[in-house]
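Okay, so here's the structure we're looking at.
We just call them A, B, C and D in the order they show up, numbering each chain from 1.
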Amino acid sequence: MKKIVFLTPVLFLFSIGLLFAAGQGDSKSAAADATPEVVLAIGADPGDLAPFVGMSNGRITVLHTIYEYLFYLDKAGDPLSPYLAKDLEKIDDVTYHVFLYENIYDSAGNHITAEDAAWSYQTAMDMNYLRPVGDIESVSVVDEYTVEFVLKRKPLVGDLEKVLCEAPIVSKTAYEASSDKFAKNPVTSSPYKLSQYIPGSKLVFERRDDYWQKDLSLGPKYNRANIEKVVMQVITEPAQHSIALETKTVDISAMVTSDDVKNFEGRDGYSIFTFQDNLAVILQFNGKDGSPFASKELRQAMAYAIDSKAMCQAVAPGASTPLVTVGNSNFGGYQTKWENENYYAYDVARAKALAASAGVTPGTRIRLLQMNEPRYSLITQIIQYQLSEIGIQLEINQVEASVFNELKYDDSAWDIMLDTVAGGNFIFSPWLLAFDQTKNKGLTGGFVLDNKLQSLLTEASSTFTPESIDAFHKYQKDMNYAYGLLSFHNIVVAVEGVDKLVRDERNQIVPGSCEFSPEFK
Amino acid sequence: MSENDTMLSVRDLSVEYTSEGKVISAVNGVSFDLKRGRTLGLVGETGAGKTSTAKSIMRILPDISSRITAGEIYLEGKEILCLSEKEMRRIRGRKVSMIFQDPMTALNPIIKVGEQIREVIIQHNSISKKESVARAKEMLELVGISGDRYHEYPHQFSGGMKQRVVIAIALSCNPELLLADEPTTALDVTIQAQVMETIKKLKEELNTSMLLITHDLGVVASACDDVAVIYGGEIIEMGSKEVVFDNPLHPYTQGLFEALPEMEEDAERLKPIGGMPPDPSNLPKGCFFGPRCPHPGENCSTERKQLVEIEPGHFCRCGRALKMENSNG
Amino acid sequence: MDDVLEMGRSMNKNETAETWKRQSQLGIVAKRIAKNPTALIGFIFLVLLVLMAVFAPYIAPYDYTEQNLMNTRSAPSLENPFGTDELGRDVMSRVIYGSRYSLSIGILSVLLGTSIGMFFGAIAGYFGGTVDNIIMRFIDILQSIPGTLLAITVSVVLGPGYFNSMLALSIGAIPMSVRLLRASILGIRGEEYLEAATSINARTHRIILRHIIPNTFAPILVSGTMMIGHVILSAAMLSFIGLGIQPPMPEWGSMIAGGRNLIRSCPHIVTFPGIFIMIAVLSINLFGDGLRDALDPKLKK
Amino acid sequence: MIPVVLGVTILIFTIMYFIPGDPVKLMLGPDSTPEQIEAKRADLGLNDPYVVRLGKYVGGIVLEFDFGDSWVYNTPVTHELLNRLPRTLAIALASMIIQIIIGIPIGVFAAVYQNRFWDRLAMFIALIGISMPEFWVALMMVLLFSVEWGILPPFGIGGIQYYILPVFALSLAGIATQARQTRSSMLEIIRSDFITTARSKGISQMRTLFRHALPNALLPVITVIGNGMGRLLGGAVVIEAIFSIPGVGMYMVGAINARDYNVVMSSVIILAIVFALIMLLVDLVYAMIDPRIKAQFAGKRRSKNNG
C-alpha cells in the first residue's frame, strides 16, 4: 500500500513532466512576442518540405511561402511573368533560354546562378516526382545567368508554362549541405525564412531583411513580406477551423465548411472571400460498345434527370456553382455565353421519355464509381435518389483514391464515374483529360472512339480560337459523353484586418503577401 | 458465583440476514453466560447460527446484509450492543478477540505476517514501533513459529502455521475473552490436535475465557468446561460438560452422541440423524427439530418450547425431556 | 460425526445444482434480472431498440433515402421531429433505420469473433501441445496490438463498408473466447487424465459438446454482451476516421461522422445519432451488468 | 516480450501486404506514365517477393531500429515517430494517471456506499461515461470549454493547458471503467475473511479499507489499467486528429488518408511495442504489490502461458 501511495504521485509528477516536455519549445514566449504575425490554418501537414518531391494536400499550401520559381502565371492563359528569371527567349520550337536575375541570394547567403537553376531542374528530373519536368529533354548552363531548356517535343498551349513554373530553384551548395535534403529545414531565396517546423503542428516563418528582389513590382504578387511573422497552423479536423477563427486562434482559414461560413456572414470582426475552385466535378459515361451508355439518348436522359442546381444547394450552399460545360470559368478560354444556353436543365418527364426511347426498363441497374470523399458521397447520393425517379437503380461503388485511379481505366468496372478534372490553365485542359483519344489506348476517358470529337479537340487545343473552342463545346454538349455537374468555391474566412488575400496559381493563400490594415495585430 | 465472575452474558440474541429479498433468521433468541476463566463449547451443525453468535459478540457481522434484531450482550456486565463503533474498536482485539475457521483466507495475502500481528499490538498499546515488532516476534515464538519469519507472507506458510499466526493475532493483546470459531476444522487431522493443544495451553497461561465453537463433540470433551448445543439458531440444551455428556436430554443431542463412533463399537452401528436442518428462511412453526425428531409429541409441530432448567445447571428445550425428568424424579 | 452433520448439506447442494442447471437456469436468470431495476431498464430499452430495428419500415415516417433538396438542414419540427440533414432526409427516419446497422454490426461482429474464438479455443484445448502453443502464441500477439489499432489496420486493408467493418471489428472479440474455452477444456482434460491414463476418448468429445460449451456460455455471454457496446463505439470511431460504414447507410457513427462539419450550424444532425449511440451502449451495458450478476454473482470481469 | 514484438511486426506487415490498389499511381498522379510507375515501384522495392520485403522490413526494425522511409514523403519514418511518440505517450500516460486518481476513489466511494443512492448515481454516471463515443465527447468539450467559455485552447500544442481537453476527453471512458472495476473488486474483497479478521482487530474502518481492502482490490484493477492503456493508445489516434496534436496517432491518420502505408504500418507497430512495454511495467507493478507473484518471479522464469 505504501508503495502505491508512493507510486501515484510519482506517476503523476512524471506525466506532468512529460506534458511539459512535450509542450516545451512549442509554446509562444507569450508577453515578449509583440511582433505582428498572421496565422493561417492549413488542413494537412506538409510532411516533407523538400523541393523536388511529390505533391500532397499539405505541401501545396506551403510551397509559395517557402520556394521561388523561374516564372509565374498571373492568371490562367497569361504569358509567363518574371520571378527568379527576368526573361525568356525562344531559340527554336523545342529550345528556350532563360535569363536569371544577377542578384539572387538565399537566406544563407548563397548566390543563386544558372548553375543552381540547371541543377535544380536536373535533380527534379532525376527524382521523377514533378510530372511536367518529364517533358524536358535536357537542361544546361549557357552562361552564369542563362539556362537552356530543350524539350522533348514542340509544346502545346500551356505546356512550356507548366514546365517553367514547376520546379523550385534552390542553391546546390545549401541543398548538399543539408542533412535531410531540405525535408525539415529548407534554405531558399524567398522573402520569408522558415524558423520553426513542428511536423504535424505548425510552421513559423520570419521575414528576411535581406530579400534579394528590391523592386517588388518586378516579381509576382506573392513574393511580398507584408508582415513580420507568418505561422501556418495544421488543423486536421474540419470543424475545428471555424472554432479556431471564432476563438481567434487563427486569422485566416480556407477550410471553413460552407455551413460554418454562414456563422461568419455579416459578423463583426470577420470578412469572407469567395473564389471558384479549378476542379470541375463531372459525370463520365462508359460509352464503349455494348454498354448502356453507348446510347446518346440515355446519356442525355441522365443529364436531364439530375438537378444540378438543387445539388449545389444541398451539397455546398452558396459555395458551389452548377457547370455549363466540362470545366469552369476559372479556365482561360471559357465563354460566358454558355451560361445562357440550356445545359440539360432538370426535366424529369424528358428524362423518362429519353430513357424509354433508349430502351431502359424500370429497375435497370447502373454502376457508379466514386472516389471516397465526403462531398462526393453527397453528390452521388443525390444522383442515386434522382435516378430512382426515372426508374434507374444506381449502385454506388466508393473506393479509395488509389483504387479509383486504377479502376478508372478499366472499362468493365463502371457504367458511370464521378470524376474531377482540372489539369491545366485553359478550358481545353479538362477536355484533354476527359476526351483525348491519343492517350488511354486510343479512346476517351469514357472508352469512346469518336474521330470528330478528337479532331475538334485537337483544333481547339492547338489554335485556341473562340470559334474552335465553342465548336468543341457544342459537339460535346450534344453528344454528352461527359456531363459537367458542379464546381466548388473556395471560401476563405479571415479576421478583420486582413484586407486583401493573395493566392498562388494553385489557389493557395500566400499569407505573407496578403495585405493587412495597420491595426492588424 | 457473583456477577463479577460472569465474563460474557448473552441475552435473547436474534440475528437476521437479508439475501435477494429473503429474510434469513440465523439466530433466534440465544442466551447463555460464560464465567471468567472457563470454556464454553457451542456445538451445532453448519448454519445453526454459531458463527453469527460469535460475530455478534465482536459486532463484526457484515453491515449491509445482516442485522441484530433483538437481545443484549454484556461483557463484564457492560452492554456492548449500544456502544459506539469507536468504543467498540477498543474492545475488539484487546478484550475480546476471535480465531477464525479458515486460516487459508483469514490472513491478508499481501501483508507480512509479522505486520499483521504487530498491527493489533500497536493499535491497543501505546508502545514504540520497535517494541511492537519485538512483541509480534514474541507472539510468533509463543505459537511455535520462529520470530525470523516475521517478514514472510502468508503464502509461505502451511495451513497449520497460518492458523498459529491467526492465534497469535488473537492472543497478542492478552484478551479476556477468546472466541474460537471452529479453529481446527480446516486443518489436517494430524495438525488439529497440535493447534488445539496450543490454544488450550495459551488460554490457561493467559487465563482467558473462551467460547469454543465446534461441531466436534470430541473437541468439546477435551477442551470445554461447559457446553451449549445450538440448533436452528436456538440453544436447545446447555449445561456443564459433565451433565450434558452424562445425560443428554434433547433428542438432537442424543442423536449427536449416537452418531459418534466409539472405539469399542462397530462403525456400522452408527446412527445418523435423518432429515435436513431447518431452512432458516422458512422455520417450522413449532419445535425446529420437530420434523426430524424420532419421538414427536402431539403439540410439537405447533407449540414453541421454552428452555427449561431440568436439573440444576442443565437446561433443555424439549417437552418430552421435561416430562421424562419429572416422572423419573 | 462430521459426515452426519455435513451430509444434509451436501445432498441439498447436489440436488439444487442439478435442477438449477437442467431446468430452470433461464427462469432463474430472468427472475434475477427482473428483480434488478437497472438491468431491467437496460433490457427494456434494448428490446425497444431491437424492435425499432426490426420494424423500422413501419415506424419511420419517411424512407431513409428519401431526399428533399428543397428542405435541407432544417431544425427539428413537427414534420421532421429530429430535423433534416444536408440532403433533406429526415434525421429521425435515418436514426430509426440506423439502429439496424449499428446494432447488427455490434452483435454480428461479436458473434463472429466469438464463434471463431470458440472454434480455435476448442482446437487449442482439445489437441493441446504444439497446436495449442501455436494458437495461444498467436492470441498473445493479437492481444498485444491495441484493439482499436488492429481494427484500423484491418479496415485500411479491407477498405470501408458494412461487411469489412464487421470483419475488422470481430477480431477484437476472438482472444477472450479462445482463452475461456481453452481453459475449460484443459480443466476437463486434466480431470480425465486423473481418472484414467487413456488419452482423449469419446467421453471427452461428449463432455466438450454437452458440458463445456454450454458452461462456458455464461462467461462468454456476459463479456460478449459488454463487448457489443464497445464494438458499436468502435464502429462509430472507424466511421469517424473515414474507414467505417459509408453513406447512404444510416449507421449512427457514420451519421455523426458525416454531420460533424455541421456541428456548429446544425447540431441536431449529430446530436440525435449521438444520443442514440449512448442509449444503445448504455442499455447494453446495464443489461450486461445485470446478466453478469444474474448468471453468477461471483463472476466478475 | 521480444518474440511478441516480432510477431506483431510480422502480423501487421502481413495484413498490410494485402492492401489493394497501387500506392505508386496515387503518388505520381493520374497521368503518370507506366515507365515512371515501374521505376518508382522498383525504387520502393515493391516488386520484391513477400518474404524479401518482410525480411528487409523486420530486419531494419530489429537490427537498426529503422522503419524505413515514408512512401509519400522521402523522410525517414523512425525519426518522425520518435519525435512524435512523446506527445502520444504524454496524452496516454496522463490519461492513465487521471483514470487512476479519479476512477479508483470513485470506485472505493461507491463500494463503501454499496447500493445506496450515491453508489447508484456514481455507477450510472460511470456507465454513461463508457457509453459515449470519445470523438463526440471531445467535440462537445471543445464547444463548451473553448468556444463558449474560452478558457482552454481548442487545439494545437504548447503549454500544459493545450493537453487538458484531450487528456480529459480521452480518460473519460477509462475513469468509468476503473471506477466500476474498483467497486466490484472492492465489494468482493470486503466480503473476504481477512477483512473480517482485520475488523476483529479493532482497527479503524479507514485503515481496514485502505490498508487491507484496497491493495487487494487493486490487483485486478491494475490488469484492467494495463489493458486500458491499449484503448488509450488507440483512442489517442482520434483525439490527436481532433485536437491537431502532432503525435503518432495524427501521423497515422494523415498517412491513412495519403495511402502512406509504410507510415501506417510503422505507427501501429511502434504503438504496439509501447503497449507491450507498458504491459511489462504493469506486470512489474503487480509483482511489487502482490508478494505471491513476486515469489513466482523470483522462483522461476515467468511463463506467459497463463497471462
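Note that in this section a residue touches a chain if its C-beta (ideal position, glycine included) is under 8 Å from a C-beta of that chain, and two chains touch if they have at least 3 such contacts.
Given the structure is predicted, the values throughout are model-derived calculations rather than measurements.
> Taking the mean of all protein CA atoms as the centre, name the chain whose own CA mean is closest to it.
The chain sitting closest to the overall C-alpha centre is D.
> Farthest from chain D by Cα centre, which chain is it? Let me know.
Greatest centre separation from chain D goes to chain B.
> Mind checking the centre-to-centre distance between chain A and chain B? Centres are C-alpha means, answer in whole Å.
88
> Could you grab the centroid distance between chain B and chain D? Build each centroid from C-alpha atoms only and quote it in angstrom.
53
> Distance between chain C and chain D based on Cα centroids, please, to the nearest Å.
Comparing mean C-alpha positions, chain D is 22 Å from chain C.
> From the C-alpha centre of chain B to that of chain C, how far is it in Å?
Chain B and chain C have C-alpha centres separated by 49 Å.
> Going by the touch rule set out above, which residues of chain C reach two or more other chains?
Residues 159, 242, 260, 263-264.
> Check each residue of chain D and list the ones that touch at least two other chains.
As it turns out, chain D has residues touching two or more other chains at 20, 139, 143, 211, 215, 241, 253, 257, 289.
> Can you tell me which residues of chain A touch two or more of the remaining chains?
Expected reply: 237, 239, 243, 399-400, 403.
> Which chain C residues qualify as touching chain D in the complex?
Checking each residue of chain C against chain D gives 38, 136-138, 140-142, 144-150, 152-154, 156-157, 159, 229, 233, 236-237, 240-243, 253, 256, 260, 263-264, 270, 274, 277-279, 281-282, 285-286, 289, 298, 300-301.
> Residue numbers of chain B touching chain D in their complex, please.
Answer in residue numbers: 55, 58, 60, 62, 64, 85, 88-94, 97-98, 100, 102, 105-111, 119-120, 123-124, 153, 155-156, 166, 169-170.
> Going by the contact rule at the top, pick out the chain D residues touching chain A in the complex.
For this pair, the touching residues of chain D are 20-23, 25-33, 36, 39-40, 70, 72-75, 80, 83-84, 86-87, 89-90, 93-94, 96-97, 100-101, 139, 142-143, 146-147, 150, 153-160, 162-163, 167, 210-211, 214-215, 218, 241-247, 250-251, 253-254, 257-259, 285, 288-289.
> Mind pulling up the chain A residues that touch chain D in the complex?
1, 3-4, 7-8, 11-12, 14-16, 18-23, 26-28, 44-45, 47-48, 50, 53-58, 128-129, 131, 134, 180-181, 183-184, 198-202, 233-237, 239-240, 243-244, 246-247, 249, 399-403, 405-406, 408, 423, 433, 439
> Given the complex with chain C, which residues does chain A contribute to the contact?
Residue positions touching the partner: 237-239, 242-243, 257, 259-260, 262-263, 307, 310-311, 313-315, 317, 372, 374, 377-378, 381-382, 384-385, 388, 398-400, 403.
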